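Take a look at the structure below.
We just call them A, B, C and D in the order they show up, numbering each chain from 1.
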Amino acid sequence: MDRSRLETFSDGVFAVAITLLALDLSVAGPGHGSLGHQLARQWPSYVAYAISFFTIGIIWVNHHGVFQALARVDRVLVFLNLGLLFFVVAIPFATSTMASYLNSGGADAHLAMAVYVSVFELMSITFSAIFLWSMRRGMLHSPLAPADARRAIVRFTIGNLAYIAAIGIAFASPYTALVITGLVAVYYMAERTAAPELEQAGRRADS
Amino acid sequence: MDRSRLETFSDGVFAVAITLLALDLSVAGPGHGSLGHQLARQWPSYVAYAISFFTIGIIWVNHHGVFQALARVDRVLVFLNLGLLFFVVAIPFATSTMASYLNSGGADAHLAMAVYVSVFELMSITFSAIFLWSMRRGMLHSPLAPADARRAIVRFTIGNLAYIAAIGIAFASPYTALVITGLVAVYYMAERTAAPELEQAGRRADS
Amino acid sequence: MDRSRLETFSDGVFAVAITLLALDLSVAGPGHGSLGHQLARQWPSYVAYAISFFTIGIIWVNHHGVFQALARVDRVLVFLNLGLLFFVVAIPFATSTMASYLNSGGADAHLAMAVYVSVFELMSITFSAIFLWSMRRGMLHSPLAPADARRAIVRFTIGNLAYIAAIGIAFASPYTALVITGLVAVYYMAERTAAPELEQAGRRADS
Amino acid sequence: MDRSRLETFSDGVFAVAITLLALDLSVAGPGHGSLGHQLARQWPSYVAYAISFFTIGIIWVNHHGVFQALARVDRVLVFLNLGLLFFVVAIPFATSTMASYLNSGGADAHLAMAVYVSVFELMSITFSAIFLWSMRRGMLHSPLAPADARRAIVRFTIGNLAYIAAIGIAFASPYTALVITGLVAVYYMAERTAAPELEQAGRRADS
């Protein structure tokens, strides 16, 4: 399997999933109270839309970073990638559920938030698996220096631990869990999980 | 018609269809019983989502395998491919119908499961037709050895027979039919329908 | 504007539109009569899905044929192409409206069918405009022989006239109009609007 | 990050967003008044669909123009591009809300129109930011002459000012604001924001 068609297909899934997120923004229409009130009441939908949009966006950026560094793709990686997309595709559902229950309070709000962060954590785990598998099996254009590999693993671990903490916290305070999930997105926009070294390796190989 | 635009279009359809699957996961929202209860009650949706997702994923992987081995594409193949996509696009509908009727019991559950597996079988038949047509018309980069061609045909036949059996069994036990459908997906993740030999022929041609 | 990104974008729109068609197949779920009855009652949806799917599929095939023959793309062509996509995107709406009104009888069924065929006719007109503009402005790799150009124009005209006839007939017998629309799809699967000569010109240029 | 995968992903998002616009055209079906009446009553949906479709189309054309002129892409540009797509994806929601409230009159119609134009303005601002960032950071194949850069900035400013004016006017007359929004689309179809000089620079670099 060549790298480029795997990227085209994954880009398609990322693009559709990220666009479906916005379907949840719709209001009920005339006759359901003033529009201003309707728009204000669904603020969790906007926050959820923004966090999910940029989290998918970042995963896409990092996905690109890893795949650009790959010299070849084996069958296991193809199915690990399908596993990643499996959770990416579930994000619009998790986002919409979280947004509609966030303000309902009680056990439902806790559970909805825990489900939301869990989907992110599962996506993050499969992404880590893609990175580790391609590194261990020597599928990169040029192997990472041990220090670089360690740095990349530390970055993955930070995100994974933050999500796991947020899942636990969701059962005490869903709002705090939501803030943590947003902060993970901000963290990954600043720090690159896919290791800058990896991207450079990919760039050298492509030119 | 060159191969690459056919692949781009097909990848787009696969990507949209696989993402639309998750639309069916949505819950009714606050005021329809506890969220935990709602999520638990719709377990058939998760199973259906997983089986349909990985079945489309596998067809996509095998589609890629066959097209990579093609030296040229004729007009019949273009329309056979449209036929394949016709059934791929129907999978979200079949999945959602099956999931909502599975636990309703009786004739409706039987029929919904039979429709679900039938769409898979029709997809499988058109995929087999694509493979056979391109092989018989000499459109491959390098012809398959007779033994390899036989092995590929055996693999297709196993999947087709399993689906046909599952359609019949659906009218006795939809749950058993569902398990068989899932096992076909697992079987094709381990065994490659599109014949490893085919993929190697494609790889030789591309490099 | 280079040809390839125009094709990628158009392929994306074709792929999403063709996949959204199937959203209209969904049944109401348990508690709305037997599933068999529900599935049987919505036969217009299946017919509409099949005709719309293959009509979009054929336009995509012919779109590819024309664009492959283009040596360059000007700004007018970019907007003519947007015009074509404008009507392609409206097809799922027109299909779903036609399917839900076909059996309602009377003026509504007539109007729904006329709207359905009109969207096809508008799509067909913009496609003809793309072909004529690129031919007249000398944007093809190699100019068509006058006889070939005439043949292509005859093929376009046949489809356009058949659609216009079907729009009129829709107000007398929507079922007859539906059959004509289906026959146009079959005609274009056999005969190529985009002129085989055009495709050959494109192939010579690409290799 | 290489330019081509950024373009593929963006094209996918543009294609899905532009196609989802048409979901809002759907009518309620038999039993909700005559079809002719239903279709006529929802004329704001057609106008909204047309304006949003061509506005997204033009942004896509100009997006292509800018990216074709880029010699390289940095991380800031990747996230500016995600910001642009964030607002593109919100357009179907804004379009559907505007269309359903336009004829409701009073404060709701004003607010819905202001939200609609605001999403366009935010999209326009992020697009301007992409253009300015890539120009200032010297990421173009060949730098723009000062006069050309000024001309491009004037074109951006005209659109941005027109949108800002339309947001204010929306609170007095939503219909006037709608007309202005449509005129901006027409203006950008005639005049190219992305500067013809930019596109020529891109073409020189690609050939």
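We adopt the following convention: a residue touches a chain if its C-beta (ideal position, glycine included) is under 8 Å from a C-beta of that chain, and two chains touch if they have at least 3 such contacts.
What you see is a predicted model; the values in this text were computed from it and never measured.
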From subunit D, the most remote chain by mean C-alpha position: B
Same-residue or different-residue interface between subunit C and subunit D, half as cut-off: different
Averaged-CA centre spacing for the pair subunit D and subunit C, given as whole angstrom: 26
Distance from the mean Cα position of subunit D to that of subunit B, given in whole angstrom: 37
Sites on subunit C at which at least two other chains make contact: 8, 12, 15-16, 20
Partner subunit A, residues of subunit D touching it in the complex: 1-2, 5, 8-9, 12-13, 15-17, 20, 75, 78-79, 82, 85-86, 89-90, 92-93, 96-97, 100-101, 104, 107-108, 111-112, 115
Subunit B to subunit A touching residues, read off their complex: 7-8, 11-12, 14-16, 18-23, 25-27, 29-30, 34-36, 39, 49-50, 53-54, 57, 60-61, 64-65, 68, 189, 192, 199, 203, 206
